[in-house]
Each structure stands twice: as C-alpha cells, then as structure tokens.
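We just call them A, B, C and D in the order they show up, numbering each chain from 1.
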Amino acid sequence: MLNFAMFGAGRIANVHGQTLSEHPDANLKYVVDPFPDAAMAVAKKFQAKVVDADVVFADSAIDAVLICSPTDTHSGLIEKAALAGKAIFCEKPVDLDIDRARHVADIIKETGVLCFLGFNRRFDPTFNALYQDKQAGRIGNLEQLVITSRDPSPPPVSYIKVSGGLFRDMMIHDLDMARWMLGEEPVEVHATGSCLVDPAIAEAGDIDSAMVTLKTASGKLCHINNSRRAAYGYDQRIELLGEKGMLQAANHKENEVRYLGSEGDISEKPLHFFLERYMPAYRRELQSFVDSVTEGNKPDVSIDDGVKALELADACYQSLKSGQTVYL
Amino acid sequence: MLNFAMFGAGRIANVHGQTLSEHPDANLKYVVDPFPDAAMAVAKKFQAKVVDADVVFADSAIDAVLICSPTDTHSGLIEKAALAGKAIFCEKPVDLDIDRARHVADIIKETGVLCFLGFNRRFDPTFNALYQDKQAGRIGNLEQLVITSRDPSPPPVSYIKVSGGLFRDMMIHDLDMARWMLGEEPVEVHATGSCLVDPAIAEAGDIDSAMVTLKTASGKLCHINNSRRAAYGYDQRIELLGEKGMLQAANHKENEVRYLGSEGDISEKPLHFFLERYMPAYRRELQSFVDSVTEGNKPDVSIDDGVKALELADACYQSLKSGQTVYL
Amino acid sequence: MLNFAMFGAGRIANVHGQTLSEHPDANLKYVVDPFPDAAMAVAKKFQAKVVDADVVFADSAIDAVLICSPTDTHSGLIEKAALAGKAIFCEKPVDLDIDRARHVADIIKETGVLCFLGFNRRFDPTFNALYQDKQAGRIGNLEQLVITSRDPSPPPVSYIKVSGGLFRDMMIHDLDMARWMLGEEPVEVHATGSCLVDPAIAEAGDIDSAMVTLKTASGKLCHINNSRRAAYGYDQRIELLGEKGMLQAANHKENEVRYLGSEGDISEKPLHFFLERYMPAYRRELQSFVDSVTEGNKPDVSIDDGVKALELADACYQSLKSGQTVYL
Amino acid sequence: MLNFAMFGAGRIANVHGQTLSEHPDANLKYVVDPFPDAAMAVAKKFQAKVVDADVVFADSAIDAVLICSPTDTHSGLIEKAALAGKAIFCEKPVDLDIDRARHVADIIKETGVLCFLGFNRRFDPTFNALYQDKQAGRIGNLEQLVITSRDPSPPPVSYIKVSGGLFRDMMIHDLDMARWMLGEEPVEVHATGSCLVDPAIAEAGDIDSAMVTLKTASGKLCHINNSRRAAYGYDQRIELLGEKGMLQAANHKENEVRYLGSEGDISEKPLHFFLERYMPAYRRELQSFVDSVTEGNKPDVSIDDGVKALELADACYQSLKSGQTVYL
C-alpha cells in the first residue's frame, strides 16, 4: 500500500482523489491546499487529512506526492519532494519557464527520485492501442501524423492570461503526443494561428485557433490543429499514415444509440470534455505510476518529456511571432 | 451503509463482489457457498466472512441478500430471505419451474419485502438510452422491435443440460427486454429453432439457433434471434421502428481505433462477452437496488418481471414443439 | 444490336427506357400501351415508335420484349411472346394467381424461350457483393439470415387493392432474396402481421407491417420484416450469420457528408426509394439479360424463381390467416 | 446539340469521351492527337473522326473544344480556340508557367470566349454537398479547413519529371478546393515536404509527402496534406470547422458490405483512384459546361481559378525552398 499526499484541491484534484480511492494499493493520507475550505472538502470526500506541506515532507510514511496545484507551484514542489525523497506524480506542465523546468529536471536526475509527468492522453485506451498498433508494425514506417485537438469552449480569459497561452497550456498535450507517436524529435517547427472564437482572447495577447507543422530529421511530417471551440464537444483524434496503411483514433461517445428519422441519421456527439473522455486514462496513468514506484521502474512519462514538450511550445510561439520556421 | 450477504461464489459472484466493493454505501459482510474454497476465495478478495445461511438470516445487521448461487437454489433462498425480512437482489431466473416461480412471487407480495430481479441489460447505458429515447417519443408509436442476441461460443453441454435450455437460460434476457421495450404484454408467441453450432447440444435435447416472433394486443411485432455462436464476439443489438423513425442500439467496442490498409477498413470487434459488455450495467443495477432499499421505492425490475419472462420462455418451448402459434 | 419492344408506359417503363437507351447493344424499337398519351410520351423520350401488340409479335426484327405493363397482363404477354419466339424480360410478379403462373412457366419450358424475371435486387452492387462473399466461403456455413425491407411510405390504397397484398407485391422481393441467399428451399413458413400505418389498408383487407420466419430442410433460419412506412427513407438491409462470422449489407446514401454540431453527429439518410437505390441494379440486370440473349445462356433469374417466390407469398397468407406454421 | 472537338487521346480523353457519349445534348465530332493509333482508337470508340487541329478551328459547326492533351499544349490550344471563337473546356492546369497562364487568361478576357477549367472535384456529389451546406450556414463562420488528398501509388518518375512537381500537378486540386471552400484568398503560405515513398522521386528533384498551411486575411486557417501513396486507396477527405459545428466529407466505397469475424469489423476500402471516385464528378462538370454554353452563363470554374491555384502552387515551392512563410 502506497501512502500519497496530494497538493491541490481543485477540479483535477477531485479526479485524482477518485482514482486514488478506487486503487487497491493506494491510500490518500494528506491533502495540502492554501484554501482551507477547498482542502477540507477534498479531504473529507476521500477520507484524508488536511496538513501543511512541511508535514508531508517530514512524514516518512508518505511514499509519493501527487502535484495538481496551480502551474506556478509545480517546479517548487517537485524540487522539495525530490529533496525529501518522495516519488513524484506531477500534472503537466513542469513550469511555464523553460529554464526553471530544466533546472528541476536536473534535480530529478541528481537525486534519482522517480518523477512521473501527467500526460494522461498516452494512457487513453484508444490512443494507447493506436500506439501499440504502430509499434507492432501494422502500418510499417510512419510518414505522416495528423492530430486534431479541440476544446468544446474556451476557458475564462482570466485563466488564459495565466495559462502560458494556447501552445503551453493546450497544445502541449498534442506536442507530447506528437513526440510519442513520431518516435523521434521534431527538428523543424512552424506555427500559425488566429483569434476567431473570442476577441477577448486576442486582447489578452493570445490566439484561440492554431495550426502547427513539425518535421523530424528523417522527414516524418506532423500537423496539429487546435481550437478553443467545438460546438459538438471535445474533439480528440489522431491519424497515422504509414507505408502499409493508415491508423485512426476516433472520438468516444457516451453510448451507441443511433436514430434515423426525417432529420437524418443521428448518432451521439463525442464525450463533452476531458473529464468524460479521459477518466479511463486517469485510472491507467495512476496504475502506471504505482507500478513504477512498486517495481522500481523508470516512469512511462518522465520530466524530460515535460521539458521537451515545453521547448516545442516555446518554438511555436517563436514561429508564430516571426512567421518563420524554427529549427531546433 | 447497507450490509449485504452474498449467496454464491462463482463467476457472477465475483462481478457482484466487485460492484459492492466499489459502491460507497454498500458493505459485503458475508459470503455463503457450499464449496468452502470458493467461498473463502471470494470472501478474502472482498474482505467478507464465510458463514452458513442460518447466520445470515439470523443477523439483524444484514439489510440485503444478493443471490447468485445456482438456479435451483434461487426460489428457496428468496423464500427464506423474504420470511427473514431481508431486501432481495436475485440473479435471473427466479426458477426454471413456473409454478415454483409464481409461488415465491406470491410470498414476496404477502411479505411486502423488496425483491429486485437482476435483468442487468435494462441498465446497460446504450439500451437504457434507447429506452429513454423511445419513452420521450423520439420515434412516436412503436411498431416493430428486432432483438439480436448472440453469444461468442456455447457453454459446456453439461451446463446446457441443467440450464433450462436456450429459451429459459439465454433468450429469457431478450424476452424481458422485449416486454420492457414493447410496453405491453405479448399475446402471441411463435418459436422455431435448429441445432447448427454443435450436434452435442441437439443430443442434450436443446437447440443453439432460434428465431422467435411476438405480437402484442395492439399489433406491435417483435422478432428475437439467438445463436450460441458469433465468431466476432458478443452480439447485442436492438432496433425499434416507430411511426417517426428508427432507433438502433449498436455493439460496444474496446476502443475507437480504425485501420485502413490493403485488407480493408478494419475496426474493433464487439466486446467479447457479457463481463466486458455489461460491467457498467452491473454497477448501475446495484445502484438501482441500493436506491430502492434506501428510499423505500418499488424495484426497477420486480419478481413479476421474472415470472412473466419465464412464461414467455415456456411458451417458446411449447411453440417450438408444436410448430404452432401459442396464444397467451 | 438487340431490338426491343416494351409493354407498358408507366414509372418503371421510364426506368427500363433509360437503361435501354444507355446500353450500347440495345435498341428500343416499339412501345405498346393502351393509353396513347402515355405510350407516345415514353416513345418520344426514348426515340421509339408506338405500335399495337400484334405488330411486335409479327416483326421478325424484334429480338426481345420487355414486359412492364400492369401485373394482370404479365402471364398473357409472356405466353404470346413465348409462342412468337421472342426472348422475354418480365417485371415481377409472373402473375398473382399461382396456377396461371405455373401454366406460363410450363409454356416457357416447352418453347425453350429465354425468360428472365426482373428481381432487380439480386443485381444491386451491395447485395451482389454480399452474395459473392458468402459463396466464396467468407462466413462458412450460413446459419441465419435477416432481411429488413421497408418502404418510405405506403402506396395509394387503390393500388394495394389490386396489388395482391403485401406478401405478393412487396415481400415477394425479399422472399426471392431469401431463396437466393439461403441456397436451399424453405420448408416451413410462419407469418404474422398488423395494420399499424394506415387503417384504410386494413379496411382494404391487407396488413402494412409483417414479420415472417422461414426454415430450410437443413435448419437454416430466416427472418424477414416489412413495413409500408419508414420515416427515414427506403430501408433495405440484409444480414447473414455463419459459422465464421457475419456479413451485413447496409443502406446506400446520396453522399458521404457528415455534420457534427450541438444536435449530434448527423449523416445522410438512406436513399429515398427504389428508383434512387436500385438504378445501378436496373442497369446491371439489363446487362445480364442482354448477355443471356447474346450468348445463349440460361437467365440469371428464371420464371421458376418467380413461381417459387409466389408460392412462398401464398404460404405467408395461409399462415397469417391460420396462425399456424405452413409446411411446404 | 453542341458539337465538340477533343484534343488528346489518353486516359482522361476516354473519360471525357464517355461523358460526352452519354450526354443527350453533346456530340463528339472530332478527335485530335499527334499519335494516329491513339486518336483512331478514341475516335472509333466514341464514333468521331480524326482530324488535324486546323480542321477544328476552321469548322464553324464546332461549338466547343475539350482540351485534355498534355499540359504543355494547354495554353497554346486555349489561345487558338479563343481566337477561333470556340467555347473551351480545358483540363487543369492552364500551364506550368505562371506568366504564360496569365497571358492566356488575358486573351480569354479580351475575346470574351467562355473558358471552363476542369477542376472536377468541385462537382463531386459529396464535396459539392459539403460546400452547399457551408454556404447555407450550417456551421456558421468557417474557421478551419483540413484537406487530405493521397494517391494510391505514385506515377512513373518519368511523368513526375514533366509534371511540374507535386504542388503544381497534384496539390493544385487541393489548392483550388481550399480557395473555393475558404471563400477568400490565402495571404500566407507555408509548405514543407519530404521524400518518403520513393527515393527516385527525390532524385528527380521532387517530394512525395507534403504539408501546407494557408491563412486568409480574416484569419481562417487551412491545412492540406498530400502523399503519393496510400495503401488503402484514393484518400480524398475534407473537414470544415466553424463556429456552430463541423462538416466532414468522407471517402466513397464500392459497396456497403460489412464483415465481422475473428479478424475484426471490416468494411470496403475507399474507391481505388480518381477514375472510380470522380466519374460522377466528370459527368456533372460536363453538364455545368454545357449549361454555361447553352445559357450564356459564366463558367462555374474560370481560367482565373486556374491562374490563382497555380500562384499558390508556386508559393508552396518558394516556401519549401526557403523554409519561410510566403506572403501574397
């Protein structure tokens, strides 16, 4: 049985609290959050105790920390947990600042502490099966990758202002997926974007619609498109073209009911958003983390994966501003 | 918190043990089974205690019994539990003998004890959404119903011999579904069948392929087809035709990966069998039972539903033998 | 180049006129119809001449007659054409009276004239590919067959009164499809039906909704369901279950556009009715007939196929009336 | 009845010969081609006469010329036909040289002769319905466009060498589709590509895999991906994202047969190549041309559309070479 302390008490903390409560080998002991009411609510729901961070790091019974507090606290908490020798599960991103992200990645290397980065989509049953099929050679050599990733509606502009922007907050998941699927690092990045959904996002200095092209050293091509709005729900698709064929990952639906009437042939829309679509992925990423801690294996997603995705996001902003291809 | 005792320690007991362990308001206290090893294994897995039946009925702390022991014990256990005043969750069928089934249904009526029958498919997310759509008037008046229900492969012939036969063991689920979807009782039953999958099934006196037609007083028509074999997995589909259109419930798949290559356009097969397909339904039927016990409501599926489905199964055998339509 | 005379000048005559005009080896020389205006319109459209029937049978330049006049004229025209030595393409049914149908089938046998019956669905690209796949052993031994056949809306009651009724007019196509797909003759027939679409159809002595079950000597089972109404268009589907898997023929759509919005995931409905769905089949059945005439082969669909489908339709009416299984 | 002369006697000449032979208001009078055997074969097949170009331009009975000879003859023939006052149907591209293309576009403007450019995909039933749905406001304001266009296998390298390269020969269709769907001109072009299919293509100085991004003045984004190889057939898809939803155009299949077995759930692949997929489009584009000639309307696709697509293809090569965004 692994004892966990969780940093954070927001929406994603409730997801992780749920997966921890269902896991037979995990026990949520502590919840840490500066807002006492939120901390108490989460702690009560999952039968844990609210404590200060110091208690967590001093308690030798704590095996692992799960960091899902605001982004600007991630790297600091990773550092403290690493120095306290706790296994670390951290939500993406490591940090919005690449230098700070690299700094804590170095600390992880020095301390040898296990640090797992929460790129949950790698654990989605469909995306994972897609990856396994590719690895098994079903399409031969991969040539083209197309990633479609659209949110049902934009977050509040107040959130966008502190989020690091579309590339660091939203597309970073797709950049990680691209690295994972391509199996080699992109060496060329081109990004373009527009503000088409809400002018307030442009006023906040960001875009809400983006198209990015990546190219690897061996010539593999990747296209990613993002929008902060999809009237039909959370649109999460991936397509791989290889020498022997194509693999596609389609959206998930709530049920398999189909209606045919004078209006047409109508099926369910994609699941509404990430909580609905990725709940199985959250369960499976926790399992992966628990396995790594228990068996002493390397994490399936490392802090380096977090750093590299952030480097690509930064390159996207550079390309967006200059209009030019960025060579890495 | 409701305290449960579970009768049975086989495959389906493991399913109910799992759903009980996940439910926040349910506690599995006792496991009862004549085979000590099996009982111990289930009890250990779900942190319960192995006891004799007498202990269960004498323990006032037990709120409910979950009966998933062999079919020939169902009606006896229902009777004892009813007399002991325990809420009852019983797997289908009530009994293979219609008189005995009616007898215990009478006892339930007299004692007023809550008795829920485990026709799990009513709680499948797709079938339930189909039903809700129909109830909401999406296709207007229902005219035709087509139920396809095929197992991936036949059970051992030893099981078939004690199962009550295809109509009482397998199609009984579809007969319940037909009653539920039609919203009125069938008054005409015609059945035909063959042994096409395995000659040993014919030697055991049963069929493995069947087609049944039902008709209600208002003229609604229903077709059910069953096979003990489907090379592509568990085939569970329903189609409703109404004046305004059609509703279809398609099979569920493990993931949404699609491959296109020289061999064709290939998607995942349906989920393999009932444990895979109906796990969400098992969770939801337990929730329904817990809600009924807690809130004092009538059960969503009653012992009368069990009796009526058995009457239809008996009529199917009568029609199969005579070649004639049976009028109810 | 084959010279044709066409009997009839209605809707289906326009279909055959069109396919004849497109065929490089066919020439429509004459049109015969008791209504001069209709005859003239069709003749003008396809550059033919209006004549009396006698002219057709006396003209040695006429190689073939295409009979698409009203049903009650079919057997008489077949007889005359056979005696005149013309190759015959006749729309279904041969006759509504089984004795008369058998009589002209005998004449065809005696004269040795080529007589092709227009069961057009055998030539539909999807149904034909389904049949070829079955013949090639893709599902191994066929066990169950399910045919769904629903018209978008009922014909005028005046037509129904002279049509021979649902089984002889509408389901006869499905009965032919069943015989073709099963590859052996049904020996048991059970039929039930209702009037759910329009009470005027019941007043005219017919049903508008039907379910039929067929069984062959080897135990293959077949279900056919018909409705005179499908709000979503012409519903023409077939499903084959065999030991190695299932083959399904889905409906055809006008285009492959799909819309996803807040209302759902919406595709095109099936093509509206038989003219839209079966236009490729009409072209291909003409090709089959021309090939038989040119190469002296047996027809792909013979007058015996027409007689046997009619026998099954008659058995359906017998079962509908008696409620009993009819043994052939 | 319009009299046509056709320049060219290759594969696409056979397509146009076929559509002309089926059209009730078109008559193919002459075929012109420097290879007498090829010319004779086409002329014989469609009952036309082989003549020299001079005969065509001197014959006042000729209403229209259909140019499907090699690309390097297009602009010269357009010029001569324009000066002879013949209506012109020309296969894409106008010319591989942008100056020459602009020159003949000017001549068309000066002479006022009707000149229709054969961007056949605009007439595909699915793409056309997609466009109509967008125009009707089904997705509101268009924000993103994704075009997937992959050939089943590359043409001979000898052809690639004279083709103008992937952007001018293959993607030019997609660039036209982009302009048509976007409804405004791209002002930014970024292209990248690789040679992944066949090294001989790289040796010939071209690429076989490409990803292009376009942006319009109002910020609409467009992605096009091309490959010279798709093991599963001709992949022709379009996706439109708008404020109210998404519209997708899927591939066409030969039939609607679906097989489910132990290997999976298998449907037909997309139609193999352009002759199979776009035959209905070829018929409809001829109809559009005939309508324009007959009714004196502007052509649905003009020579200016040909010039503008070529400008975009040239910009793609410029971006591919420089790695930079090209601003138009």
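By definition in this document, contacts are C-beta pairs under 8 Å (C-beta built on N, C-alpha and C of every residue); 3 or more make two chains touch, one makes a residue touch a chain.
Note that the coordinates shown come from a computational prediction; the quantities given were computed from them, not determined experimentally.
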Identity of the chain that, by mean CA position, is farthest from chain B: D
Chain pair with more C-beta contacts, A-D versus C-D: A-D
Distance between chain centroids, defined by C-alpha means - chain A, chain C (Å): 58
Separation of chain A from chain D, taking each centre as the mean of its C-alpha atoms, in whole Å: 42
Residues of chain B touching at least two other chains: 231-232, 244-246, 260-262
In the complex with chain C, residue positions of chain D that touch it: 22, 125-126, 129-130, 133, 138-139, 244-252, 254-262
Residues of chain C that touch chain B when the two form their complex: 141, 143-144, 146, 148, 150, 188, 190, 192-197, 209-211, 213, 215, 219-223, 225, 227, 229-232, 235, 241, 243-246, 323-325, 327
Parts of chain B lying in touch with chain D, wherever the complex brings them together: 231-233, 253, 260-270
